[in-house]
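What follows is subunit A paired twice: with subunit B in the first complex and subunit C in the second.
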Partner chain A sequence: MNVDVAVIGCGPAGLTASIEMAQSGLSVVIIDEYYRPGGRLLGQLYDDPKAPVHQRRWDGKKVTQELVEQAIRLGVQIVCGVTAWSVAPRWKVELSGSEVKSVQAKALLLATGAAEKALPMSGWTLPGVVSVGAAQTFTNVHQVAIGKKVMVVGVDPLALSVAMEMKHAGIQVVGIALPSQSAVTGKLSSPEDALSKLAEAADLAPNPFLRMMGRLVAGSLRKVAIHALSLPLLRLEGIPVYLRKAVARIEGEHEVKAVTLQDVTVQGVPTGREERIEVDAVCLSAGLYPLVELAQVAGCSVTHVPELGGLVPLHGKDLSTTADGLYVAGNITGIEGAKVAMAQGKLAAVSIVQSLGKAPSMSKDDAMHAVEQARDLSPIRFLPQILEGRAIMDQLWQEAWRKKEGGQAWMI
Partner chain B sequence: MMTNTRLFSTNKDEGQRHVSFTFNGMELTGYEGEPIAAALLANGIKTIRTCEVTKEPRGIFCGIGHCYECRAEVDGISNQRTCMTPLRSGTQVSSHSSWQIEEARK
Partner chain C sequence: MDDLIICRCEGIRLSEIRASLREGASAVPGVKKRNRVGMGYCQGRVCQRVVSELIASETGAKESLLQRAQSPVRPTLLKDI
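Here is the complex of A and B:
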């Protein structure tokens, strides 16, 4: 198959990009491993207080459907259930799971998104233990309960949102607690750290109760909140949020039967007191990381920027990378919400359209400005230091560019 | 059994049709086009396979094809990720492959 542009990932970034590119007269194919288009957009269902009144309800399935219909009308080919297992410069995409074994394209857009970090603990491989993203997908997309009585492990904006979504869907959520201290949990197990992260998420949360939680621990109330850690528990729409209890282990012989909570100090150190709560499912939340494997395979420089969520492809403000003709958009550039991913998709498309000698619908500057606007209006902020992360990337890019101008190769 | 774990939702997919399928020979029903893992969970089935090495039970973990924990044999093809393999009428799902590997090692 020969196209102008191959897009890998049919989420908000890939779909939005493909629409802009097709409108400018380019032939586009989107490849996605999942059985249906939409990516993580599919699981999103909330009211956005920052959106205009008639656009408050954010129904990811509906948004997906509209984007897919528009893309198909413009002639974009959407190929789902197919894995892009390798990419090679200028640009060949190797496929498995389809009749067509490869795609040749003049430009390649990686919109691969993110995956969830693991949160290993005793009993975490038992059937009934799922990642918080899986809980969201099964609740909102497949509409099947992951259990009747669920414990959520991890106190962060995504975990709290999914806990409430499960409760609204009729699942009994018995509590939200931190993971116990271990070699892998680090700051995740600290009540103080969890509180300050919630404080940073205040006012950005999609749900009024989340915002309330955030404000409780924000600003001048911070000291009071730390003091409040000595209180037995907080409640989020009736769901107990245990800031002074941590999940020590998940129990069950063949499937999840219970979790054991232990009391911890403000620093997260166990005090020795334990209690057992019977549950039939557990959700683990440890945050997201960008999916960069294909960028690495493509020979694109990657760099570690913790403020963006981990290892990310080195990229410019216009979303070009160190590999000629390779562009990135969405969570592969750093963990943010769907609206930012969509604006980035449009920006990457504008850059690609221009590079291929066609006229985009807006200028690069306007598209860059739209990304910043989308960020300002985002209802949820996954990484508190995302702005610092973006600034670090801009600086790294300029440094790398200067080195290249000076006759040196790209730094790997 | 199925209605126990099916959730009410305001954004339900339209046009879903009930179909029959089997899991390790058991006759079950699910919605056509939903992932096999969702249909299994809706039938109260959480254990999809056993670990080839430790023999411990395994089920859905990430739900998006990343962790490979929910693999099963689907219509004779082994190691299919059930979280991203759509259910069809008459689909035969089994966890036999991994158990056969285990038997072969004895």
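Here is the complex of A and C:
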């Protein structure tokens, strides 16, 4: 198959990019491993308090459907259930699971998204333990309850929103708590840190008390907030948020039967007191990391920026990479929400359209500005230092570019 | 504390990974060559970062200790390669 642009990943970034590129007259194919388009958009269902009143409800399935219809109308080919297992420069994409064995394209956009980090703890391999992303997909995409009584381990924006989504779906969520000391690294999960992460989700938290707690930690009243950690239970839409208890073990012989909670100090040190809560499912949340394998295979430089979520392809503000004709958009560049991914998809598309000598619908500057705007308006911030991470990447890119160009000024 | 399974595909436990570090492994590829951690169906997609964090916590390393990806990057049918 021959096209102008191949896009890997049919989530918010890939879909949005494909529409802009097809509108500019390019032929586009999107490859996705999942059986249906949408990526992580499919599981998303929440109210966005920062959006204009008539756009508050964010229904990822509906957004997906609209994007897919628009893309198909413009002649974008969407190929699902097919795995891109390798890419080679100028640009050949190797496929598995389809009649067509490869795609040849002038430009390649990697919008592969992110994967979940594991959270190894006692009992984590028992049937009934699922990751937070799987819980979201079961609940919102397939309408399947992961259990009758669920404990959520991990106090972060994604865990909180999935806990609320499960509750809305009629599942009894018995609580949200931090994991106790890591068996792998010995690291303690501190309620203090968890609170500052919650501050980032404060806009999404419907409970005024929780919102206040988040703001307190973010501001100068940090010490007051830590003191407030000793107050009785916090609740998030009726779900207990245990900031002073940590999940020490998941129990059961053949499947999940219970979790054991340990009382901890504000620094996360166990005090010795334990209690057991019976549950039939446990949901683990340890954060996300960008999926960069295809970028590595493509010969593109990748660099470790913890503020962006780990290893990411070295990329410029226009989302070009060190490999000619290879662009990136969405969570492969750093962990953020769907609206940022969509704006990045559009920006990458504008860059690609220009590089192939066609006229995009907006200027690169406007598309870059739109990404920043989407970031400012983002209802959830998954990584507290994302802005620092973006600044670090810009600097690394400029340094790399200067080296390449032998000291010449670098222009986008 | 019980000996956690870290690599679910190959059934490799925490104690086996620690043992490979004592034998001199200093990054993910070295651990992998000693005990097959990350060499199963998912190709380390679940455990590689855990192993890397464990090494970093023991050695204080700041850089990424992950192995560079190689093709095929996803589970693929042999007939398609």
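Following the convention adopted for this analysis, the second predicted complex is superposed on the first by the 380 of 412 C-alpha atoms of A that agree within 3 Å, B and C clash if a C-alpha of one lies under 4 Å from a C-alpha of the other, contacts with A are read in each partner's own complex, and residues count from 1 in each chain.
Throughout what follows, a contact is a pair of C-beta atoms (placed from the backbone, for glycine too) under 8 Å apart; a residue touches a chain by one contact, two chains touch by 3 or more.
On a predicted model such as this, the values are computed, not experimentally measured, just so you know.
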Practice task
Considering only touches as defined above, state whether A:169 meets subunit B (first), subunit C (second), both or neither.
Solution key: first
Handout entry: First, second, both or neither for A:16, with subunit B first and subunit C second
Key = neither
Problem - Which of subunit B and subunit C A:296 touches, first, second, both or neither - result: second
Practice task
For A:125, select first, second, both or neither according to whether it touches subunit B, subunit C, the two together, or no partner.
Solution key: both
Exercise for the section: Please work out whether A:344 is in contact with subunit B alone, subunit C alone, both, or neither, and reply first, second, both or neither. Expected result: neither
Practice task
Return first, second, both or neither, reflecting whether A:115 touches subunit B, subunit C, both chains, or no partner chain.
Solution key: both
Problem - Contacts of A:187 with subunit B and subunit C, given as first, second, both or neither - result: second
Practice task
May I ask you to decide whether A:146 touches subunit B, subunit C, both, or neither, giving the answer as first, second, both or neither?
Solution key: first
Handout entry: subunit B versus subunit C as contact partner of A:97, first or second or both or neither
Key = second
Handout entry: On subunit A, positions contacted by subunit B and by subunit C
Key = 33, 115, 125
Completion exercise
Given the complex, residues on subunit A that touch subunit B span 33-35, 45, 59, 61-62, 81, 115-116, 125-131, 133-134, 137-140, 142-146, 148, 169-171, 254-255
Fill in the blank from the handout: Interface with subunit A, subunit B side, in the complex: residues 4-13, 34-35, 38, 41-42, 46-48, 51, 56-67, 69, 83-86
Exercise for the section: Report the residues of subunit A in contact with subunit C in the complex, numbered from low to high. Expected result: 33, 83-86, 94-97, 101, 115, 117-118, 120-122, 124-125, 183-187, 289, 292-294, 296-297, 304, 310-311
Handout entry: Touching residues on subunit C, where the partner in the complex is subunit A
Key = 1-2, 4-6, 8, 14, 45-47, 49-50, 53-54, 56-57, 63-64, 66, 68-77, 80-81
